[in-house]
Amino acid sequence: MVEFERPLDALNHSKNKRVIIELKNNKQIIGTLKAFDVHINIVLADAEEHENAQIKRKLGTVFIRGDTIILITPQ
Amino acid sequence: MVEFERPLDALNHSKNKRVIIELKNNKQIIGTLKAFDVHINIVLADAEEHENAQIKRKLGTVFIRGDTIILITPQ
Amino acid sequence: MVEFERPLDALNHSKNKRVIIELKNNKQIIGTLKAFDVHINIVLADAEEHENAQIKRKLGTVFIRGDTIILITPQ
Amino acid sequence: MVEFERPLDALNHSKNKRVIIELKNNKQIIGTLKAFDVHINIVLADAEEHENAQIKRKLGTVFIRGDTIILITPQ
Amino acid sequence: MVEFERPLDALNHSKNKRVIIELKNNKQIIGTLKAFDVHINIVLADAEEHENAQIKRKLGTVFIRGDTIILITPQ
Amino acid sequence: MVEFERPLDALNHSKNKRVIIELKNNKQIIGTLKAFDVHINIVLADAEEHENAQIKRKLGTVFIRGDTIILITPQ
Amino acid sequence: MVEFERPLDALNHSKNKRVIIELKNNKQIIGTLKAFDVHINIVLADAEEHENAQIKRKLGTVFIRGDTIILITPQ
């Protein structure tokens, strides 16, 4: 398993991979992680909003403000 | 596809294009992205408030405070 | 149309003009923009609180704390 | 009308005058503005809590934490 | 009446006196003000939690985190 | 009675003693105060979660994030 | 018992051990603590979301934003 010194290293390891992002409003955004910063602002490509394990709508590229995020996990 | 080093690069790439902004109060503002800063404060031109995929009202130019924003995506 | 480099430029452009401010508590304050700062603290003159497109009460000069603001738009 | 360069100038102009402060919990405190700082922490003298345009209780001198304030307006 | 240059001066003036602290969760703590800092973190001695003008329980010495405080007023 | 210059002095005085911590979600954690920092992040040893004056579960050592804390008081 | 000078020392002591993380949305994430930072952003490996003492779903590696965390305790 890959070892991470700091939490942002784990995000870096997920770059260009599909990730699931859970938001504080209970929405789930799934997409390819393209960029992030120390505020955990995130840019995903080919993103989709999911609800109850089904695609609710396609978003394409999306910028997500960090303070609305609960967790990020590989798909 | 365009590559972004940092999340704000993606916003820069959307300048002068139509974007959808989702707010924490469940409102959706659609407009032409004119300016943004590190707090994700945003200025849109020709903005409209949408609800259930219909225009609720026209706002013209609008300043949106960053901490009220969930996500920003091209229209 | 006027171009804005930074979001606060748009506020500067609205100085001494009538603006609508929407607050997180769903209230709407309409007044003449007199001053603002980087926290988006705002001072309006001749301000009125509106509800359902009607004046609820006259406030005169009012200081609004920035973190309570969702958006600002010309009337 | 007095012109204000910055929002705090308007508060300074209200020093030693009666002001109405609206709080995020929907309470209204009316008193004489004695002191404020950049966080909009406020001290009022001869303060009263109002509800539905009636005095609910007398508070005397009161320190109000800035982050609980929505707006401040002369009485 | 004592004049205060800054809001914290008013807290300093209340040191070793009984104060009422109203919290964002609607609780009221009454005690002797012993210490405070710029975050408005507070230490009270001989503190009591009040509800509907009655003592709900005795707390003795209590540390209150500043961001949970709405207002502080002499008893 | 011990005098405290700053609020954190009171926490320091409670080190290695049993304290009650009330959280914003209405839970109560009781344990031995082992460490704290300026954010009021706390580590307790032999901690228990209490509800209605009864132990709900034993937690052992627990790290509590400061921004979730309302107050801290000796048991 | 191990003594901790600062709260983050306790997190350091739990590195590579199973921890329970309670979130502000009442979810519980259990996993192996791999990394943390001063914001209490956390990376867990082999993480699972639990509800009512049962596994709700397996998450694998997960990045948790610090401001969503209430407490962290060894399993």
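Chains here go by letter, A, B, C, D, E, F and G, matching the order in which they are written, and residues are numbered from 1 within each.
As a working rule, contacts are C-beta pairs under 8 Å (C-beta built on N, C-alpha and C of every residue); 3 or more make two chains touch, one makes a residue touch a chain.
Predicted model, so just to flag it, every value in this text is computed and none were measured.
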Shortest contact path, chain A to chain G, counted in steps: 1
Interchain centroid distance [CA atoms averaged], chain D/chain E, Å: 19
Rounded Å distance between chain A and chain D, as computed from the means of their C-alpha atoms: 42
Mean-CA-position distance for chain F and chain A (Å): 34
Sequence positions of chain C contacting 2 or more other chains: 67
Chains in cyclic order, anchored at chain C, direction fixed by chain D: C, D, E, F, G, A, B
Contacting residues of chain C [partner chain B, same complex]: 1, 3-11, 24, 26, 40, 66-67, 69-74
Contact footprint of chain E on chain D as seen in their complex: 23, 25, 29, 34-37, 41-43, 45, 47, 59-65, 67-68
